[in-house]
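You will see two complexes here that share chain A, one where it goes with chain B and one where it goes with chain C.
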Partner chain A sequence: MKSILRITVFVLITLVLILSIVPPIVETPKNFFEFPLIPGLEDKAKIIFFHVPTAWLTVIAYLIAMLYGIRFLKTKDIYNDMKSVSSAALGIVFCFLATLTGSVWAKFTWGSFWHWDPRETSIFILLLIYGAYFALRSALDNEEKRARLSAIYSILAFLTTPFFIFIMPRLMIGLHPGALEIDPTTGQVKASSNPVIKFEMAENMRVVFFLSLTAFTLLFFWLWNLSYRVLRLKYKLQTEMQES
Partner chain B sequence: METLVQFLEKNSIYIVLIIVLIVWFGIYFFIYGLDKKVKKIEEKLEK
Partner chain C sequence: MKKAYYIFHKDFSSELRMRFALNALIMFVVVSLSTILFAIGSEKATENVYAGMMWVVVFFSAMSGLSRTFVSEEERGTNLILSLIAHPVNIFLGKFLFNLVLIFFINTIIAILYLTLFSGFVIQNWYSFILAFVLGNIGIATSSTIIAAIIAKANVKGTLYPVLAFPILLPVILMLIEITKSAMVGESISEVQSEFFVLLSYDVVMLTASLMVFDIIWKD
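This part shows the complex of A and B:
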C-alpha cells in the first residue's frame, strides 16, 4: 500500500511539473496543450499550480493536527499527540511556503514583496498562531502535560484557521484574487471579478490544477507518515532505554 | 538587480521557476531535518 503511495506521488508530481510548465500561453488556445492568456499575468498565471496547493496543505495539516489533538484528549494515547505535532509541523512549513511563493509573485504583479494586503496579514497572523504552538510545546517538559495542553491549543488555533484563510480575505478590499474590489467606473465596492476564484479557469488548466492538488495532498500524507514514524521510533527507544 | 527584475518581468516563466524552486527547497529542508532526527536515533542505538 505504501509503495503505491510513493510511486503515485512521484508520477503525479512529475506530471504536474511538466504539464504546468510546458504548455505555452497564447491569446486564443487552439488545442489542449495551450493555456489562455490572462492580461497582466501571462506566464505568472502558472503559479496557481504551486502556490494554491501549499495554502491548501496548510489547512489540511492544521485540520489533521486538531483531529489528532481531539483524539489524544479522548484516548490519552501519546501516539495521537505525535501524529498531531508532526502534522502541525508540516502545516507551518507549507504555510511558510505559501507566504514566500505569494510574496515573490506579488513583487512582479503588485510591485513589492509585502503590502499588508488582507490576505498577507491573515497568513502572517496564522504563522504567528502556529509559531506560538511550538513555543508552547518547547516550554513544557512533562510529556503528558505538553500533549494535553498542545492538543487543546491546536483545537483553539484551528478554529481561527478558516476565518483567516477563507473568510477575512474575502470580506475586505484587497489585491489577492477573491478579495472585494472597487469598481473603476462606479467607484463602488463589488465582489471579486477574478476568473480564478470562480473556477472559470480554462478546462485544461483546471485539470492540471486538480491534479496538482491531488499530488501535493498525497505528498503531504507521505511526509506526515515519515515524520510520525521518526517521532515514534525516538519515543520507543527512549522508553526502552529507561526500562533497561 | 534592476536589470534582473526587468528580465524577470519580460520572461515571467522564470518567476514560476523561482516559485517551484522555493517549494522544492521547503520540502528538501523538511526531509533534511528528518534525516538529522534519524541520525540522532541511530547514534543512540549505537551506544
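This part shows the complex of A and C:
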C-alpha cells in the first residue's frame, strides 16, 4: 500500500522523460508523436517540461513550509516544524534546479546565462529567502525558539513573494511571457504578445506539460514525506538516547 | 496607544542624551557617500546609477542603525520589564515610531547630501519623489522593526540582520528606484501609478502582518 506513491512517481517520471524528449519537432505535425515547431525556440522548447514544474514546486514547497510554520505556531507541536523544514529543504533544491534550467534555456534562446529579467530576479529573491531562512535557523540553538522564529520569518517573507512572482513580472519590461515588451516597429512599451500567456500550446504538448507537472508534484510529495520521516526518526532516537 | 507613545518617548530621549545610533549613522552616511564620490569621480553617470546608489545607501544605513531598538533591550535585559508594563502591540508601535523618526531624519540627510554633492542627481518631479520618499520610509521602518525583533533573539545579530531584511525590503527598494528614475526624468505621477500602488499595499500588508505576529516573537 505504501509503495503505490513510489511506483506511480517512478512510472510517471519515466513516461514524462520519454514523451518529452523522444517526439521530434516538425513544421507540420501529422500525428500525436510530433511537436509543432515554434519559431525562435525550435528544439529548445522541450525544456519547458522541466523548467516550469521546478519553478512551480519552488513556490509550492515554500507555501507548504509556511503553512506548517503557522500550524506549529498554533499547536506548538515540533513535528509540524519538521514538516516545515523538510519542505523548505526540498524547495531550495527545486529552486536551484529552476534557476539552472532557466539559465541554460536563457543562454541558448536569449544569448546569455543571466539577464536580470523580472522573473529571473524573482527566482533569485526566492533563493535568497530560502538562504535567509536557513541562516536564521542555524543562528538559533533553542529548538522551540528556532521553530517559532523561523515560522514567523517564513510568514513575513511569504508576504513579499506575491510582489515578486505576480506583480513585478507584469509591471516591468522583460523576456518571459507575460512581461511588458518593446514593440520593435514603434519602440513603444506594449503588453505581452507571447502566445504562451494565453496557453496556446499545441494539444499534445499540453498533455505532456500537465503530465510532467503532476509527476514532479508527486515526486515532491514523496520526497517530502521521506525526509520528514527521516527527521522524525532522528528526533525520536535523540530523545530516547537522552532518556536512557 | 498612550503607552506606545511613552515607549517612543523613552527611546527618543535616551537617544538624544546618549546618541548611540545617531552619531554612528551620520558618520556611516558620510563615509558611504564619499566612497561613491571617489568611485564616480568627475564622470557623469546615468539616472539608473544615481537612483540605485541613493537607495543602496539608504538600505545599508537602515541596516546598520535600526536593529538597535530591540537588541539594546535584549542586551540590557530590560525586555522583561518592558513586557510587564505594556501590551506587545504597544511595544511594537513605540519601537516602530522611534525607527520611523530615525529613518526619516537619516534619509532626509542622505537626500539633501545627495542633491548637493552629485550634480547629476536632479529631481524634476518633486511631488512624485517626496510621496515615494514618505511611503518608502514607512515601509522600510516597518520591515526593519519586525526583523530587528526576530534578530534580537538570535546568536549572531549583526551579520544576520541585512541577510534577513534584504529579501523582505527588496520590493520597496526596487519600486523606489523605479520612481526615483522617473522623477529624475520628469515624468508625471500617473506614469508610475502602479509602482505607487505596490508601495502603498506593501506598507499596509507589512504593518498589519507585523502587528499580528509581534506578540509571538516577543513572548518567550
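A few notes on this one:
Just so it is clear, the second predicted complex is superposed on the first by the 243 of 244 C-alpha atoms of A that agree within 3 Å, B and C clash if a C-alpha of one lies under 4 Å from a C-alpha of the other, contacts with A are read in each partner's own complex, and residues count from 1 in each chain.
We take it that a residue touches a chain if its C-beta (ideal position, glycine included) is under 8 Å from a C-beta of that chain, and two chains touch if they have at least 3 such contacts.
Owing to the predicted nature of the structure, the values given are computational and were not obtained by experimental measurement.
By the touch criterion defined above, A:Phe96 reaches chain B but does not reach chain C.
Legend: residue contacts after superposition of the two complexes on their common chain; A:Phe50 is shown touching chain B, with no touch to chain C. By the touch criterion defined above, A:Ile7 lies against neither chain B nor chain C after alignment on the C-alpha atoms of chain A. Of the two partner chains placed around the shared chain by superposition, chain C is the only one that A:Gly131 touches, whereas chain B remains out of contact.
By the touch criterion defined above, A:Val207 lies against neither chain B nor chain C after alignment on the C-alpha atoms of chain A. In the superposition on chain A, A:Leu149 makes contact with chain C only, not with chain B.
In the overlay built on the shared chain, the residue A:Leu223 is in contact with chain B alone; chain C does not reach it. Put simply, chain A uses no single residue to touch chain B in one complex and chain C in the other. Listing the residues of chain B that touch chain A in their complex gives 5, 8-9, 11-13, 15-20, 22-23, 26-27, 30-31, 34, 37-38, 40-41, 44-45. Considering their complex, residues 17, 20-21, 41-44, 46-47, 50-51, 54, 90, 93-94, 96-97, 100-101, 104-105, 108, 219, 223, 226-227, 230-231, 233-234, 237, 241 of chain A touch chain B.
Here chain A touches chain C in the complex through residues 73, 125, 128-129, 131-132, 135-136, 139-141, 145, 148-149, 152-153, 155-157, 159-160, 163-164, 167-168, 171, going by the rule given at the top. By the touch criterion stated above, chain C contacts chain A in their complex at residues 143, 146-147, 150, 153-156, 160, 163-164, 166-168, 170-171, 174, 194-195, 198, 202, 205-206, 209-210, 213, 216-217, 220.
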